[in-house]
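Notes to accompany the following structure.
Just so it is clear, A, B, C and D label the chains in written order, and each chain counts residues from 1 on its own.
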Amino acid sequence: MKASVIGGGGYIGGEVVRLLLQHPEVELAQVTSTRHSGRPLRAVHPNLRDQSDLTYVTDDEVRDCDVVFLAMPHGASMKGVDRWSSVAPVVVDLSADFRLTDHARRERYYRGPAPDPIWLSRFQAGIPELNREGLRGASHIAVPGCMANAAILALHPLAAAGLVDGAVLVDARTGSSGGGRTPDEGSHHPERSGALRMAKPHGHRHTAEIEQACGVPVQMSVTAIEAVRGVQVACHIRPSRTVTERELWSVYRDAYRDEPFVRLVRERSALHRLPEPKILSGTNFCDIGLALNSAGDHLVVVAALDNLVKGGAGNAVHCLNIASGWDETAGLSFAGLHPV
Amino acid sequence: MKASVIGGGGYIGGEVVRLLLQHPEVELAQVTSTRHSGRPLRAVHPNLRDQSDLTYVTDDEVRDCDVVFLAMPHGASMKGVDRWSSVAPVVVDLSADFRLTDHARRERYYRGPAPDPIWLSRFQAGIPELNREGLRGASHIAVPGCMANAAILALHPLAAAGLVDGAVLVDARTGSSGGGRTPDEGSHHPERSGALRMAKPHGHRHTAEIEQACGVPVQMSVTAIEAVRGVQVACHIRPSRTVTERELWSVYRDAYRDEPFVRLVRERSALHRLPEPKILSGTNFCDIGLALNSAGDHLVVVAALDNLVKGGAGNAVHCLNIASGWDETAGLSFAGLHPV
Amino acid sequence: MKASVIGGGGYIGGEVVRLLLQHPEVELAQVTSTRHSGRPLRAVHPNLRDQSDLTYVTDDEVRDCDVVFLAMPHGASMKGVDRWSSVAPVVVDLSADFRLTDHARRERYYRGPAPDPIWLSRFQAGIPELNREGLRGASHIAVPGCMANAAILALHPLAAAGLVDGAVLVDARTGSSGGGRTPDEGSHHPERSGALRMAKPHGHRHTAEIEQACGVPVQMSVTAIEAVRGVQVACHIRPSRTVTERELWSVYRDAYRDEPFVRLVRERSALHRLPEPKILSGTNFCDIGLALNSAGDHLVVVAALDNLVKGGAGNAVHCLNIASGWDETAGLSFAGLHPV
Amino acid sequence: MKASVIGGGGYIGGEVVRLLLQHPEVELAQVTSTRHSGRPLRAVHPNLRDQSDLTYVTDDEVRDCDVVFLAMPHGASMKGVDRWSSVAPVVVDLSADFRLTDHARRERYYRGPAPDPIWLSRFQAGIPELNREGLRGASHIAVPGCMANAAILALHPLAAAGLVDGAVLVDARTGSSGGGRTPDEGSHHPERSGALRMAKPHGHRHTAEIEQACGVPVQMSVTAIEAVRGVQVACHIRPSRTVTERELWSVYRDAYRDEPFVRLVRERSALHRLPEPKILSGTNFCDIGLALNSAGDHLVVVAALDNLVKGGAGNAVHCLNIASGWDETAGLSFAGLHPV
């Protein structure tokens, strides 16, 4: 299957390229970058040295293929969806354009034009753990935001079991790569290094995706931490009734027993007791753990993932694997490093 | 005034030494370390090179002086309090031994022997912003824990104004120096570097200090982050009635208007909108900021400080300054660095 | 082919395990750890969660298999070589025990007993780029040290071409994982974080390996830098005659044209102009670049690699691939991440 | 004495401001920034919160005062020197404009116009350890570059004693703040974090300053490391005759015995055996150490400093202290932190 990546000069697009280059069922056809057109991939992503002979092309040069991945800034996918749908029968969008199905919810978080409702209705939510059946044979897939994906996987089993009382506090921590490739004052190394910066105490856009997927009210605070890759969400929940940790684990085990990319973390050692992102760099895993206080009225569910992989490119490839009927783990077998 | 530091081989003790060496009213008399006795201070704290000719002595060698700072592991201060009270008329304790006044609350968080109630009653809480009058002329002072101090300064004005509904979630993030000087698996650089480790999702001991000082119920979660110095607490609060941000700022301004070491952070730039610890390294400041969501039902108060200074040694010196009737800022004027 | 790893609780051993678990030709049979016997692999290496059901066994429990990897402290391999050679027909040693063929050279750098000369003579140098023929069908393989491997690959082509005048200065920079798994004062995070510590200005043991392989005198200085993984060597060389950069590149291209794991870095951008280790984490690549000053009397050759992979476990697997006649890149295809 | 800072929005200018605000003999009069005119200092340098009520002014608004510090990009000082010399009787320049006295040497390293020779001749080299007498009563002072200063202090005693044979290799490592305040691709956190980037293998401009001050030929390689602040130089030297370490120490002790800001580091512990920058953050110290190999033909001299303080702003204040006849350490007493 021939795949092209639109917007392969950015960080998410670069990860799609990296994963497709090692995918047993995919041949990488073309990669676009307006800014880097004509240069070899390695000039932008030095990890791709000797991995490919491709050079970047412009969007206009893209030829028909079997699947296109759209890794462009928000707003660009909805503008180009006609074109890209004519280029390839399968379109996987990594932007926010086709994630929110409810117009009013979208309006609260995003300015600018809304997507065409017809196109919107064709997109499947790219969340394999919640929408596997919808993804089988899908032609249009919209994968969720990085922090949203972590929070959705952390919260959905509880919410579905009716175990959440009131609003959930999602305390999200994120590395610098989530901010993309364009330098600004906030990403300048002397300012960003060692940061612990609550950039968004309320109202982050990913809130909308979590509420849509889980059906519970969410307060979300986002803190930029010292890391390049990695997202961790700590979800603080008041259980709606008396539960034990044992019962909670059973809810999560039932939800994720057969999932290839969700791992439940239940260790005794404080070092690895709850998930953290550093050992997940480069992997498509979302690790989930939990802790209930002895009074039983405060539950913390912690999820971690690599924002560019399970929070973006890897999840997109997973969705394609499902849509195409391939082994779900094809091209996604990297286990992660320790120490790191 | 002659001062001695008991336990000057550790990180907090080393900071007391550093500050006293530059204090205009204090002469550093002796510094003890069981392990390093006989070695120069710089062999343990290389920043003290050329700052002092002292060598470490054992506890037994300590002579009478005007004030002793106790920077020993929890439990050691209560054992030695008779001795140290006979060595100096003023005792400043940096351990947890004399912080908790209620026996039952103490029992919930600490094992082992409790302090003698008579001695306990002599200790003043080393929180200048809450107990300035109690500290004037005090002979015995117990300074709070690093994360507790940040949370207390963040919450007390709100709690005192009756603005807190239900339990507060204190999400604390801490650098590695808070764990002290002794290497273990968790502090081994390959494991600790880049960590985002929720080491204590519930029940951290500092919870007790915050509840004691503020009189509101607290849930506290502690995450180890990539940093050597620095503590940040994000306090998530449901206001007990409708308030505006303007009104909240007025509560904080009234509380801290004349405080030399509490700064209110109210910037428009996301970069410096809320406090973060890195620019506070080496300073005695606690920076406080807040954000209320538009619905008015979720308030985040963020406080940051250097765990070894405002969270320990600097605060102890501040308390001594008040007890002695000196300029409160004596020896504590370092403004912090940027960039860093 | 059944493989067992002796000493799989350490960092190098853990990497051998990780790589073998994904190797198409290998079945991981047993992993030993004296300290962790009975625990699952993931308790020590959290990246191995859900990758294997094995638990650690003791050395005594190791059964016959096809290949053993020895990842033990220096000295242990020479003690156990009889045993391990009876356990498996192929022994790959990651320690220093069988690296140095000359007794006098060894004596200058290592204390303690020397290896039995008969066993020593059976070991092939585990440097595919220099000793590929020797490795084909080899039964005993000794892979080089991490910094030595980087320096050897950087210097050998020049030395073989007679282009080196006098002693080479090898300025090596290394992350903390090279120090192994045991915590000590120097690896304690508050001390090691942000370090730029010239731990060994002269006489590092890897000097002996570089001199043996390249036949030129070497001065080596080793600096610990802020990183967990990664080695970079900057080799400062006085050319023995007038050369151009073009001629130098041609020497390197001739040497490494067909090498799957050596990449020549020749970019115009300062950002990626010379190799650096961070994008090599987890990969088996050694990247090499060079710069000659305009006067032509000072040549800098820079090489970078992941100390635990190309500097240890990955190189060992590469050697096994050659010894076994498999595809040389089997199990070693991870391309590395960007950004990271 | 009234002081103004021209270019106080940058990193070096911000450090001058920080130091002057705490200087006992100086009143900070005005601080300029074209970009930030009208904003409070803290909006740019958050460490200055509550330290000053000043707001930035434009260069045109600067009034007469007693001393001006010029912290502008290279080229701007020579353009403005007439104006600034009329504004204040003392001018301290932190740019490179007036550092190089030899026209030919300058031409090899800098493009663009050269400074007026008359003005150039009025500037004293701002290197107290080499030019204290010249600085007394000086009206115009040009302080050296950060890496140059470290290398000059490391090499000058040896060079003056005729102990250097041939060219010295200066291997310099530098944090990101040395690159200034303007974001670019190389300073973007995901790219710069964890870097070990030999940005300049040859020909860095500071080479010229070192050769000018020390009179020996220098090869300089510059590597960007993971740090915000800090410079370390490792100087590799072939002694011109047989020397002992003892004799070398005596050369350095004679040179720096009475220097308030040069410290000789001669420890036995590998942890603190040679200087490193992290404990020097915020201080005006240059730490120097050395190691001679057993053959006596390879000497490593290591120097470390904070590039923004001893490598810039602090050194400028030190020079002003000498020029004004004040206590040399006035305003420069911060001892640095440990751990950090």
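Quick note on the criterion: a residue touches a chain if its C-beta (ideal position, glycine included) is under 8 Å from a C-beta of that chain, and two chains touch if they have at least 3 such contacts.
Keep in mind that this is a model prediction, so the values were computed, not measured.
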Those chains that touch subunit B and also touch subunit A are C, D
Could the interface between the copies subunit A and subunit D be described as same, meaning over half of its residue numbers are common to both, or is it different?
same
Of all the other chains, whose mean CA position lies farthest from subunit B?
C
Taking each chain's centre as its mean C-alpha position, how far apart are subunit C and subunit D in Å?
39
Centroid distance [mean C-alpha coordinates] between subunit D and subunit A, Å
45
If you average the CA atoms of subunit B and of subunit D, how far apart do the two points sit, in angstrom?
35
Of all residues in subunit B, which are in touch with two or more distinct other chains?
11, 177, 185, 190, 194, 228, 339-340
Which bits of subunit D are touching subunit A when the two form their complex?
11, 175-177, 181-185, 187-190, 192-194, 228
If you look only at subunit B, which of its residues touch subunit D in the complex?
11, 14, 18, 21-22, 43, 45-51, 177, 228-229, 263, 265, 267, 269, 272, 279, 281-282, 287, 333-340
What residues on subunit D touch subunit C, complex-wise?
167, 169, 171, 173, 185-186, 190-191, 194-203, 219, 221, 223, 225-227, 230, 232, 234, 236, 270-271, 273-274, 276-278, 291, 293-294, 298, 300, 302, 304, 339-340
